[in-house]
């Protein structure tokens, strides 16, 4: 934390006018993504045809695409999609709210934090699906029980990251607030919370991925009222693997999209963090 | 032409609610058309009954929720029901829905074992640890003098999904014992299986409406009406089986999704159900097979020391069968004839 | 050892001792400190690293409790931070999610007053220290010196009677530091407040202060107070006069003697 | 502008310009710098913050590439870091997972030589700077000054021909800094190496150096070089002599004129 | 931790007022709530949550059952193997991606998506691929835990101070030397955080994979007990998992304390935190 100049990094950019799109393309990461996807697709297309694996279990890429088209034509799964997505959304919101609250309670009280941690770790190590029958008992057979399961699965990183984030402000920052006689609440809202936001956002994004996992696991392994998880299980039991991979692809695309959206939001919410600044330029 | 005693016919009379735990991840499977038809055609509603069908996950989970009291009734398969009865849980079957081979023993066409008597030393695939078929399998092996614990190796390989196909395909197992439903996908994937199931197992009761003694005492009226509605739905389907297939397609389209060879698992299962759901006596739909049940319970009991002896009549309640069959058959037949197809 | 005066002191530090830890790990950071800060004066606390300067300042600001002894401020005993006391630290503490203006307005927010009423004054202060154009910039867009200037505006915004400065320019380079010091003197004069500056730069201490309190190494105690007689406003070339150099040499000797 | 000498220069900086960024955001950090560093001398780079001192030093150390111009070291063109050049930074970079001795031995490890062979020398150096007792302590057990001392030992361990020092004492308090500077002079003499020191402390620059290169603010360029004629070894009381004060005043003026 | 510097009036260490007393005090409260719910008010049916007594009684029965040790061993092997594999792959990928911002930009989304695919979907595919043996379970536990280690390694390796990097450069250290001697030690505290999280997810991955098609192990036993409605035994195994989780956590915590010894000390010396 001194006033020295930025770290010396060998910046080798030529003093020529700005790079052409081709240079930018080659310098960027897009071509790696495209190449990787192309390699995966090529492998996916040709490997099953070698006969080294069972074609039923590992259909080629084109067969999967055909299944995907068939699925899109079916249309009935929109309902499952809606069920899964709404469960993910609700679980995510509740999980984030719950994790955040826990993080605040334990993050602002070292005493509570040390006292509760052993229980938290024990619960974290528990395969949450074993709780499914109990949750159904309490919450019924509707989406509530699977949402509850997903909440239990996804709140953890938000909690941890909030807890860690609240401790991030430096001694000097606390001192400034204290010298102004700021109340505990003011210290929290004006210093700790903004400082913790970048960390909290990391947890929020992780929670999004876990909410997805949570809902789908609940749909597959325990009672549920439909959803993409049930659909994959159904297709798998029919050995219609093209359809299984299609649904998995949908899940992957959805999660990447949602995380990217969360990324954009993050950059706006925590515009001041080093990470967002680095990415903006 | 309405039946003499139709409790739901008079308006203003009390309505009942029932939660029915279905033993699957989905609310219906291709063979549960009796319940589906009664529900879609409004027979339960007519009887003053609001039935909520919920997917409990599987037979064990459905049985669990019924015992826990979270569901009034459920349709776990016979082994789950039997197992609960044999550990002394107060479960009762009030209506037998289907009977016949639910579990079987299969071998690949060109496999090394072609009869149960040969199976000493075999790796035998089962659906999962504690799966319903295990009792049948063990009994069948014992009958041939093979000890199921020491002489063979039981390996859970799933219920007909990709892991099952892989296990059969790469020779991890040479025999597969599972529910009949589970082998359709395997067969259409190119593994031809031979059915070695002993004939006697094909007569066992398969599935019924299961409840607890407690619910029976407290909610008997609702269950009685539920039995009649279900009987009406079954009768409808027996009158017009294609209508039921159509209803099924509307309810669970994904099951009727065709694979690359143009085969749908839903159709295969539906065909099998045609033989299993048909009651022995069309005028006594839901009638229990006491002897068969006893034989079945004894069979399972023989596989473990921790089971208690159970008398079949104690877990079979036939007080609702008369009432269930006392409906206007002509009218249901007319409904069946007038059905309009929607899902093709 | 303190020099007695006619005017009632603004701050009176009376036999203050501060111990950290307990038992085996006990360490005495400050031992029996007596000090008076007169209304309107500029006092420096000069001493080697770790001698307890910051500890003394934190006690005067009510941030730390003395183990023994008392501190009075405006005649009343001081036990917790007081809003008439403004503190500034070695690092400019600026919240990166606030613009310069918002950072300057922070105390007003915390005191629960209307921000609007203070915007003109904040802008005037920013103008005085020459960073008005940066009122809507974020801290990371300012240099270290500019950040310290903004911190100075923040502490002055609310007209504190007493300024406690803990090496506010310690992290800056010498040139920026000199101009910041000029700024500081000008603004202290403008705000007519009293200031206590912690530093280990002898030249700086002499240049800035009316009196320099020299402290000894651990356990920290007061060695002596040097009166600095030069007129104000002081200009940089004062530093090359003989009188100034002599005073610096005297202070240096006091520190080295210990 | 550089003064010509008989001995061949150890480092020759020839028309070095450094631009960062490109297009609109281009900024010239250094413009047409010419400088020679003579074998065995102590040269200071003095200039205001941001004038490109560190940039110049990093280019001399091969850490940065010049946009235009060349740097030669021992007669050869310099394009990447060279193991005969040792660098020291404002903050003592000490790895907290290594003891003092292990930190000092880091370069040996990286050069792939036998650590054992260097332990006696490392201990000798630690002894010379007075922290031999702390050889097995971890950095957090040392004060800032002790850490800088260890960093000094590290850079000297491998007998670099050229020492590049980027405000190595900038983060220390004045007292520690003065004693560190003494240490530095003593060790440079002992190791017979050449040193380039970046600083913005005028007194320090004059006190330490044989020559002071004064640089102007952005874009950084050389203003002039001041020869410092005082004998070595130099003692602290040199700073109160008239000649010294005059030289400091001259340097100050040069900087202020810009 | 930062507040210590401001507020540090001497407080006597009093064990009775230490947080662990609350930890211990909570235990009987939880047990009492459990007992009340299942035994006194009977608001939770025994088939879903057995009474504390019945679980207590079931303990010796489950632990003494034939071959129980083998099952435990098997599951522990899966967890340990999966954790070792997943953590090393996660660590390796973290190192790889941190070495190039382009690789990072290109592959981070793919690897994140992998975290969104639940183990249960992958399970049948993995089984189809490598069979029902222990290898598949290890692989699944590895997949379950790799992300936590990967993402923390990736962010931890970026933490090295610019000055330290410049020092390594000025010594002409190779990229590899900088990684081993500077970046990895700097990242260790953060990586250990990831290991903690990864260990718990590896446990879950192993069990869930045993649910799906296993020939042994604790997850397999759980299914067996559940299918025969032996809820008490089922919960005995759940408690075993809680214990395993805690033991694994404490082990890693202990290793961290020994390996990253400098970290905690730094934190407890606030007076050195200035500059």
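Letters are used for the chains, namely A, B, C, D and E, taken in the order the chains are written, and counting of residues starts over at 1 for each.
Everything below uses one rule, namely that a residue touches a chain if its C-beta (ideal position, glycine included) is under 8 Å from a C-beta of that chain, and two chains touch if they have at least 3 such contacts.
Since we're looking at a predicted model, the values are computed, not measured.
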| item | value |
| --- | --- |
| Third chains touching both chain D and chain A | C, E |
| Between A-E and D-E, the pair joined by more C-beta contacts | A-E |
| Distance from the mean Cα position of chain C to that of chain B, given in whole angstrom | 84 |
| Chain B-chain E separation of Cα centroids, rounded to whole Å | 41 |
| Chain centre separation in whole Å, for chain D relative to chain C (CA means) | 33 |
| Multi-chain contact sites of chain E, meaning residues that touch two or more partners | 6, 45, 48, 124-125, 128-129, 163, 166, 274-275 |
| For chain C, residues contacting two or more additional chains | 58, 63, 90, 143, 145, 173, 176 |
| Chain A: positions in contact with at least two other chains | 1-3, 8, 54, 57, 133, 137, 170, 173, 175, 178, 220-221, 236, 244 |
| Chain D-facing residues of chain E, complex | 161, 163-164, 166-173, 177, 181-182, 185, 188, 260-263, 265-266, 269, 272, 275 |
| Partner chain E, residues of chain D touching it in the complex | 58, 61-63, 80-83, 85-87, 89-91, 93, 95-97, 106-107, 109-111, 138-140, 144, 164, 171 |
| In the complex, chain A residues that touch chain C | 1-3, 170, 172-173, 175-182, 186, 190-191, 194, 197, 270-273, 277 |
| Touching residues (chain side chain D, partner chain C) in the complex | 48-50, 143-144, 173-176, 200-202, 240, 245, 249, 255 |
| Residues of chain B defined as touching chain E within the complex | 60, 63-64, 67-70, 80, 83-84, 87, 89, 128-131, 155-158, 161-163, 165-167, 170, 172, 306 |
